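These are the structures in question, set out in turn.
Heads up, the next two complexes both have subunit A, just with different partners, subunit B and then subunit C.
After this line comes the complex of A and B, so read on.
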């Protein structure tokens, strides 16, 4: 199951990464004579309300979501890993401080902060920059959840016999943290990465659904989901469900991978 | 028997003409009314409630756009437009049974003009030169005096629901066709027939309907689903996408009533204090630049693609729907890239590769802000983005939640272009006074000016004030035609489209006469009836 999920995720990632070659049209090209066109040979998933090719937008949207969500998740996990090692090195007071900060961050209204940050962006912020800022914020504010898990794991290893042995051998705190503790909590970090990635994909989708995600004309899976607001449109054009189906499969793929990973851990 | 047939036919025909009494009409309000007090109306849902329950001295007929007598049988203008005298209908009672007289009108004016009440309706009766005053001449005659001549003063009373001086609860004693009987906040309002409503049909008191139920429903998709299920009888202001869907149904009577007074518009930030580079301020202050943008926008495509053909290209402050005040001589700024490029070249702009640059070598990269959640507006912004790309202009679209957008256009002025809609509820140019006067806080592109920044804005100020004081209708029309010409020529605001009024109703409803003015389908609520009892 894990292999199948991984192969599926890699294939989606590869297709999205090479959207310039796989997409039949530029994502912003408007075929104004063909708005809301049904699926056809020239537009395999039809066109949206402005006549833009839905398949092309799906592929380009996948590129943005599939690159930035894992990047943001990686950022969060690296931050969490750093805090976990700091807690392991710094002793009980440091651990308490980091856990208190994590609790504080977990209490922050993330959605509200994203909206506020968006309102504060300079006027000439490009869609790409806005996307990077949004996922950057997700990375910067989303470390707390993984950190709580990883601090616990680091604490557990810091009391282990091999760390005690390293201390008696005269190894410094930094060396112990980097050489003895970090390799042992990497599987936990990997699992946290696989958990964070789909949650960031869904966070972007939620913002996009509200029209507050990545600015037009750059597509993201979130902005493509806005077409689903209309029940009537779904019954008339079932192919508009494709972005939702893709999002579902990718999120499920990550969850399958993480389940298998937990078993391995 | 020979005589009976024609009599029967006449009776049946008359029966249809008279209408059928009974039934409950169900419709939805798009927001919860914050207040049901008729003097505090400040939103569309509150206005709908006031329209159904409030009795007024005069009413603008939403189809003919002419003033018609209601509680006032006649009126006359005195003292060169400074005074209006209403002669009131006798034998009229409020819904609680108390008698209506000129004292009630005086009381209403007193409440409206009380500074402590902060009545938005009362604002129309205040001006820099003072406030209006009411004086009772006799029980059925009242005069309202204004500090200066007011053109079209009578039409102001279309919005003034008369209060009862005997009732402290302003929803308990009303003069309109219905009165409130039940309110469940967040869910619905239920109105019942006013047993004392003064209008009759062949001796029987109107309205035909027994009750009206107003469901609070913000989601238009759900509103349409309820309509299709038969839970709602009427929808006004249907979105084009949904209208096309419901038009194909045999369970619905639909009509595109034509362009409304509403406009989708785009304006350039010309506020001197705006935190923008000086070169950008120079672009926006240039008439050539503004017109070049206007000529590069394909308005026909906006109407066809975004509004699915249910809109007309915008021309100016009023659409052709305003039969009296629209300036017929004006045409839309036609799509013409050559004209656009020529105007830009005249200001020193030139295209270098795919990018337009000004005389100082700055690439023309501008942003447009609009509110998130309005799909039509967001789509229009995307189309304009592609249109302007043909000129070499890179347009960024910024969608903001509404409070953040209002903060930018009224306080921080941190924006370049703004795309928004304007809802005109008033047919008269006086209703747009706050938009055109340079000193106004609502002078969109450069508000609160101490002295007009440009000659043409000074001219707009002079013309708007002159038309407001002119009593002669022809002279007023000439003055406001000139205002429309200046706006068309200087293009401080680009009028993009006027969306059509799209309505849907149950096929069993009769006497429907859709209007482009609000409330589009229910302006004659007292005469609407169901063909069969429900």
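After this line comes the complex of A and C, so read on.
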């Protein structure tokens, strides 16, 4: 299952990454004579209200979502890893301080902060800036969960025999953290990355559906879901459910990879 | 001094420490919310400023009005002073006292979240109990598939789906919470159900209902109570997209409108309110998890 999920995710990632070649049209190209067109040979998923090819927008949207969500997850996990190593090096006070900060961040409603910060971007913000700010916020605000797990793991390893041996050999704190502790908590970091990525994809989708996702004309999977707000549009053009289906499959792929990872551990 | 009496000062110290931590996090949470809003690049801008029909004087007046909270430190200290007097300020976008707005909408949100929580818990516990009683692999697989499917759908999309199906916001909240409660609860029940004392109870011919009640559900009660505290947080998080998309006039919809209108007084107050609810439920979850006051 893990192999199948990994292959699926890699193929989606590759298709999205090379959207310039895989998409039939540019994402902003308008076919003004064909607004809200049904699925056809030239437009496999039809066109939207502005006459833009849905398949092309789906592929370009995948590129944005599939690149930035893992990047944000990586940012969160790297921050958490840094704090975990700091806690391992700095002693009990440092660890308490980091855990208190993590508790504070966990006490703040992430989705609410994200909503507020996203809404407060200037009206003329470019779509690229909005995307970077939004996923940057996700990375900056989402470190606390992984940090709690990784600080615990780092603490456990910092009390182990091999770290004690390294200390008696006169190794410095930084060397111990980087050479002896970090490689051991990397599997935990990998699992946290796999957990954070789909949750960031889902958060972006929810924000997009609320109209606070990536602004037009740049597509993301979240912003493509806005078409689902009209039930009559869904019954008339069921293919507009494709972005939701793609998002579902990708998130399911990540979940499978995580559960397989847990089983392996 | 009896052991119970000697434990009392310790218990008091623990409660005091918790309360101080509660206040500190609350104050810092409000400050973080206010700072985030203040440092956002669009702070002080208003859609009305883009209206070409307005004169320069009108636009400057709007800009002055919107820059009221520009000095975040002063704004926050002043806000805390007013908060102690029960004054939560006035909404910039709606022109009404925030206290009034929250008072009007709180009931709707509490009802939606409460009903959603009750529905999700009832359903989750019923399914967990049924699976534990029947021990049917097909039923187990079906429940797992449904839960995984629900977990892979964005909460906002679940809210839209429930709205289309004619369900109240409470149903959407329940649809969001159910898979999370079920997954954790089922794992706990499965683990406890395989314990040696439960196998011994089965072997000695105890009734399945008695085993479920006394040997499976009762031992996992502290964990489930802790999960109940955590699910309050989840319900608070879910209520924003649910109310915004289901057009329900609650605090979630107010937050969404405030976010769109860059309404600092509403955002800071709701941040504090939500942080307080989150902290209180976390505290309750900690207490339940430890199950003994002296172990907190």
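The rule is simple: the second predicted complex is superposed on the first by the 257 of 265 C-alpha atoms of A that agree within 3 Å, B and C clash if a C-alpha of one lies under 4 Å from a C-alpha of the other, contacts with A are read in each partner's own complex, and residues count from 1 in each chain.
Going forward, a residue touches a chain if its C-beta (ideal position, glycine included) is under 8 Å from a C-beta of that chain, and two chains touch if they have at least 3 such contacts.
This structure is a prediction, so every number in the text was calculated from the model and none was measured.
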| Since both structures carry subunit A, what do subunit B and subunit C do when superposed there: clash or fit? | clash
| message | Looking at A:210, would you say it contacts subunit B, subunit C, both, or neither? Reply first, second, both or neither. | response | both
| query | Where does A:20 make contact in the superposed view: on subunit B (first), on subunit C (second), on both, or on neither? | reply | neither
| said: Let me test your reading of the model: by the given contact rule, A:128 touches which partner, first (subunit B), second (subunit C), both or neither? | reply: neither
| task | Scan A:202 for contacts with subunit B and subunit C and give back first, second, both or neither. | result | second
| field | Per-residue touch tally on subunit A - higher for subunit B or for subunit C | value | C
| message | For A:113, using the defined touch cut-off, is the partner it touches subunit B, subunit C, both, or neither? Pick first, second, both or neither. | response | second
| task | Mind working out whether A:252 is in touch with subunit B, subunit C, both or neither, as first, second, both or neither? | result | second
| field | Touched partner set for A:229, first subunit B, second subunit C, both or neither | value | both
| Overlapping segment of subunit C (options 219-227, 255-263 or 273-281) - the one that collides with subunit B in the superposed model | 255-263
| remark: Both partners, subunit B and subunit C, contact subunit A at residues 115, 118-119, 121, 123, 125, 210-212, 229, 231
| What does subunit B use to touch subunit A in their complex? | 221, 224-225, 241-242, 245, 301, 304-306, 365, 367, 372-373, 375, 378-379, 381-383, 385-386, 396-401, 404, 414-416
| task | Would you tell me which residues of subunit A are touching subunit C in their complex? | result | 103-104, 106-113, 115-123, 125, 198, 202-203, 205-207, 209-212, 222, 225, 228-229, 231, 244, 247-248, 251-252, 255
| Which of the residues in subunit C come into contact with subunit A in the complex? | 25, 28-29, 32-33, 36-37, 40-43, 45, 47, 50, 148-149, 151-157, 160, 164, 233, 236-237, 240-241, 244-245, 255-256, 258-260, 262, 267, 270-271, 274-275, 278-279, 282
| In the complex of these two chains, what residues of subunit A are touching subunit B? | 28, 30, 32, 35, 49-51, 115, 118-119, 121, 123-127, 210-212, 215-217, 226, 229-233, 236
